Amino acid sequence: MGDSLGKVFRITTWGESHGPSVGVVVEGCPAGVPLTEEDVQTELDRRRPGQSRITTQRKEGDRVRFLSGVFEGKTLGTALAMMVENTDQRSGDYDEMAEVFRPSHADYTYQAKYGHRDWRGGGRSSARETVGRVAGGALAKKLLSTYFGIETLAWVSQVHTLRTSIPPAKVTLEAVEANPVRCPDPVMAPQMLETIEQARKSGDSVGGVISAVVRGCPPGLGEPVFDKLTADLAKALMSIPATRGVEFGLGFQAAEMTGLDHNDPFVLKDGRVATASNRSGGIQGGISNGENILLRVAFKPTATLMVPQKTLNTKGEAVDMKGKGRHDPCVLPRAVPVVEAMIHLVLADHALRAALNRDPGGLAARLKG
Amino acid sequence: MGDSLGKVFRITTWGESHGPSVGVVVEGCPAGVPLTEEDVQTELDRRRPGQSRITTQRKEGDRVRFLSGVFEGKTLGTALAMMVENTDQRSGDYDEMAEVFRPSHADYTYQAKYGHRDWRGGGRSSARETVGRVAGGALAKKLLSTYFGIETLAWVSQVHTLRTSIPPAKVTLEAVEANPVRCPDPVMAPQMLETIEQARKSGDSVGGVISAVVRGCPPGLGEPVFDKLTADLAKALMSIPATRGVEFGLGFQAAEMTGLDHNDPFVLKDGRVATASNRSGGIQGGISNGENILLRVAFKPTATLMVPQKTLNTKGEAVDMKGKGRHDPCVLPRAVPVVEAMIHLVLADHALRAALNRDPGGLAARLKG
Amino acid sequence: MGDSLGKVFRITTWGESHGPSVGVVVEGCPAGVPLTEEDVQTELDRRRPGQSRITTQRKEGDRVRFLSGVFEGKTLGTALAMMVENTDQRSGDYDEMAEVFRPSHADYTYQAKYGHRDWRGGGRSSARETVGRVAGGALAKKLLSTYFGIETLAWVSQVHTLRTSIPPAKVTLEAVEANPVRCPDPVMAPQMLETIEQARKSGDSVGGVISAVVRGCPPGLGEPVFDKLTADLAKALMSIPATRGVEFGLGFQAAEMTGLDHNDPFVLKDGRVATASNRSGGIQGGISNGENILLRVAFKPTATLMVPQKTLNTKGEAVDMKGKGRHDPCVLPRAVPVVEAMIHLVLADHALRAALNRDPGGLAARLKG
Amino acid sequence: MGDSLGKVFRITTWGESHGPSVGVVVEGCPAGVPLTEEDVQTELDRRRPGQSRITTQRKEGDRVRFLSGVFEGKTLGTALAMMVENTDQRSGDYDEMAEVFRPSHADYTYQAKYGHRDWRGGGRSSARETVGRVAGGALAKKLLSTYFGIETLAWVSQVHTLRTSIPPAKVTLEAVEANPVRCPDPVMAPQMLETIEQARKSGDSVGGVISAVVRGCPPGLGEPVFDKLTADLAKALMSIPATRGVEFGLGFQAAEMTGLDHNDPFVLKDGRVATASNRSGGIQGGISNGENILLRVAFKPTATLMVPQKTLNTKGEAVDMKGKGRHDPCVLPRAVPVVEAMIHLVLADHALRAALNRDPGGLAARLKG
């Protein structure tokens, strides 16, 4: 019951790291949205490992294949399935995982929960599962950018203790993609890269923070009282492997403030209701207010290390284990397109739902078409 | 579509601040759970305002009434409805809200979304809506404590810039309830109280952080890949009014660490698999691992202030507005039982779901009964 | 998990026959729909027993009370709750039911399923539970008639072996409400009444069929491949107590036909695509085609009889039992507004969903508002 | 939003008739259920066309491929995906369908709903979509037969006006599979075959009825008040293409009876509560009572005919059209495994859900592992 996300625009993903394939079914996308495999491939390529020496060296071709739901280049309005075959599976690297619980991995909890697990490369708990999310997110992105004018941009804003101070309003896609760390700060990016390289050399790993901004989101997305936009974004983002926290607007910093310092005064801008400041991060009462949506996601350091760690095996015996094969000392650069995908998926769901909130006469008129 | 939460143990709440009543329907609770109105009233009384001078002075009787689902003191397994009448409605205090968008409130976003809103006291966006959550949460708590041995405890760990350093493992309910701030730290609590009083006197408000620990949670709660326990808790907590962020285990602090520092080694404790440290906060791969679950929630300062603020009215004219009537300069003490309720609701849902994960033969045997 | 129905326009009902109250929460209705308690009361009064000597004589005041979701006479777009108190509870009539399983009632299956049941008057399995459905259905009806031009009419077309041959196209609300049987046939209605009276006198009961027509439904309602309009209507109708079958268009009669006899040729009528005949009953491929929707629902005879029947008690001992108190020898006249309510609920859900199927640009424009 | 079915055991299907593939994702199956591709292939082969001259001659290899969710021959408890490639696509046969609305097909309603449709072979409305259902149903069948002792059997009980009078209790799988009509009656089957052949020769088609029995179902499946077992079965069955009606127990015949004739007395059989007769068809109050579940489904005659029919093209012009390519004059024999699959899917969902209804202490014990 946990492989699906969304109520109207809804995805269901499948796939284990070393199983036959990973994929996604998207339900609820309106008919007529133009979509090519290239639209999806572009996003998958951003997620793919092996793009540089700082990420895991697995060579994943990751060619997406449409299985259903697109005809003559446009969505049909019914289930849209996309798949990527798992081709580069060196599961021999993972044999030890059948017997040993890697510290801070999901090996033990999957075993405790299901009593039967695919230990090869983490199985369903592997970051490879996010391929389906990114594919589904590419369709959501297309829908949002083509019709709603909504654009999302994520970037690495912190690696270990290194932080960029570039304000979200100034971040561009070009600056993000200009370096392998996906940090738009030309000063900090090389230092972050160096930190990641040091972690690789020592067999260690580092965590960090991904920030994101959503531009052009109209007011009205988010549904009281449980499906607030903050709530649904938090869930979607916290479902990404290795996440440990999420915050909106000023986030935890808001906890240290007074109301006079934190409140955003309403003002008119270009004839529309706007806020003079944006400490709320574009969401008030759980509903978008038309300002930029601002959020941050904390990632813990990669659990797999290339140095020995103490742990237990499945018999309960204390053992030392050391990672083998590929090593990804910092997941953040590759997680950037995943963060964007999760935001796109939530916004697509809520953009469609928001169209139903009012003006029942206008809704009825749509059926006369 | 946003008034419900949960998949198996599921609540639907209703009610506006100054409407006839607030309430909740709970679906999916097994039959046979003992429940009295007193069980629920105890939790509602903790949430009720007017308990001390530091919270809003509205006198809410808030007597719960069972409408269905309980017979001879035990749940029936079908829809269980509970209601609290809204009796103390001084909506005259709120007349101005019909015409003015209060800064950082939900007035504007509700208007933009629905085109029609109950402006009295914030309507559905009011914290009064959480009455239904707390009532539903009381049933979840009863289920969890009676059968699963799961206990949740929340407390105020930060007000404005004041923080307690008491470790979660040492916090007790008695210490939390010992003072009106609900901070278990006898040194910091009076200072926090003073800060809140200062805010009241100046017509300002303060934010803060609520921390929580879940004790006795068995391994296996949380469902890959979207309904991770972190993800569903994050959603539930971020649906509480005024929340701005949530983190698990070390949270944003984990982002600054290396894998060697952050990983929790597995060890045997009392014959079961445990972790030597608990930096993961009891959840790995989105599934509980049997350790204490640790989390923190950031609250922004109350938006309503007793000093004039610049804003717009519904005609788009710049106006000054100042709050009237009751004033709650810090929502955190009253939010403690709400945080606990949301955690209980998510855990009840996942505890039931986890019972379905494996051992299909055992499931079949349950139907022979 | 079974107390809710619908995906976008969604109801959750609560209440047992002799518990404190019965009620409903409606989610997903757009804001701005005018609704008065009188709109709802009118439908409840049609369902109410005691309207004539042919139905059960329980005096249910059944006054609806709005609990939330309506402000200044219009829906708010958020949870709308309505309640009817259970006032006339002569549960003494039902004491025997605590110990005896009434034949063909739900007493035994509830006991087997839950191990704990409210035996007073059938508890949750009582037809009284349909009060919440009718209240929710009244809102759905208002939405459909006001904005979509959709009208539903149901009537008793068969009692025992007596059938009316009046074609659905000629049935009017006036003719249906002209007699207590709710059969629009002035010749058959008195005979049906006589049959029901005979059953009453002999302590027996009779079954029958309710037919319905939906007029003005636009093309496009119903979602492939599982939420077909036929499928969702079938589920909603088969959830009414005492139903045994449902059919659309020619139904089981279609099974005896050939394609040449059954197919409906497409023709132009008033410039729109129509069918020359309507053997499909207005639904093709699970989607409405713009013609009248035609359906029929079979009801079994009331299980409670005023003559002794052989059965078991809860100890497994063979006993004779005989109904006491009120007796409803034929549920069909009172079930007419329930059938209409279920149809309205399904159509409201699908009318809203259908607005999302295409024209994403038009959906986006709705958010600019 | 209509491509998924089920709440706990849940399937999502994808695929158009002439698109790249058809498939299914199953969520919510417990871990540890043994499943081989052969288990699934067996069911798919029963559904496959081209088995005899009485069904459509399309040669579908229909080899299932597992994409995820099975490891070392057992389910993992997470998303299980299965796919069949579409290999034999003679879409040239269907070119005319791009421009013409076939009478009583879904061509027009899909066009009206989505504004864009895959006209090749009916696209998503094709019976080929049921491949995913049958694959998912094979897993449900394995779960039910292995652990719950539940067995389902469906057969053709009527073709055109020809009916078998063999009672459900006497029907065996061997008898059903003994002839290409899948009617277990050795007298009627050849006559039905003859009727179908006549229809083929004349380019016409015939409808019929499929009956089914579920044996070994324990009491307690089905959830009040909307997810009654009758209701969920009705929905699932009415979602099969070409269905027009469904009935349980005596169905529409019950409408003609009195309570004295229809009620099933409770008796003890082998120490358990049973009914002396089974007019209720194994379901009372929407919940299984431990008796055989009995149901019937009406199918209309195939819409595609090999003789000219009057209709409209997409420009609204009157045209004559005649089917080309393959012709299936009676869908019922191939629909038998689809009916079984839908029943299996509903029962699997409800069997798991029923395990949560009571005994919360037992549920908690399951997590101790």
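The letters A, B, C and D name the chains in turn, as written, and every chain counts its residues from 1.
Assume contacts are C-beta pairs under 8 Å (C-beta built on N, C-alpha and C of every residue); 3 or more make two chains touch, one makes a residue touch a chain.
Note that the structure is a prediction, hence the values are computed from the model and not measured.
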Notebook entry, point to check: Can you name the chains that touch chain C as well as chain D?
Noted result: A, B
Next item on the list: Consider the two chain pairs B-C and A-B; indicate the one with the greater count of contacting C-beta pairs.
Entry: A-B
Next item on the list: Please report how many Å separate the Cα centroid of chain A from that of chain C, as a whole number.
Entry: 44
Item checked: Geometric centre distance via CA averages, chain B-chain A, whole Å -> 26
Next item on the list: Would you mind pulling out the distance in Å between where the CA atoms of chain B average out and where those of chain C do?
Entry: 38
Checklist line | chain A, residues touching no fewer than two other chains | finding: 1-4, 7-8, 13, 28, 31-32, 77-78, 112-116, 124, 219-220, 224-225, 354, 357-359, 369
Next item on the list: State the interface residues of chain A toward chain D in the complex, per the touch definition above.
Entry: 1-4, 7-8, 10, 12-16, 19-23, 25, 27-28, 31-32, 65-69, 71-72, 74-81, 83, 112-118, 123-124, 369
Check: Considering the complex alone, what residue numbers of chain B touch chain A?
Finding: 1-5, 7-8, 13, 101, 103-106, 108-110, 112-116, 124-125, 129, 158, 160-161, 199, 204-209, 219-220, 222-228, 230-239, 241, 243-252, 254-268, 271, 273, 275, 279-281, 284-290, 298-305, 307, 309-312, 316, 318, 353-354, 357-359
Notebook entry, point to check: Touching chain D in the complex: which residues of chain B?
Noted result: 7-8, 28, 30-33, 77-78, 143, 146-149, 218-221, 224-225, 351-352, 354-364, 366-369
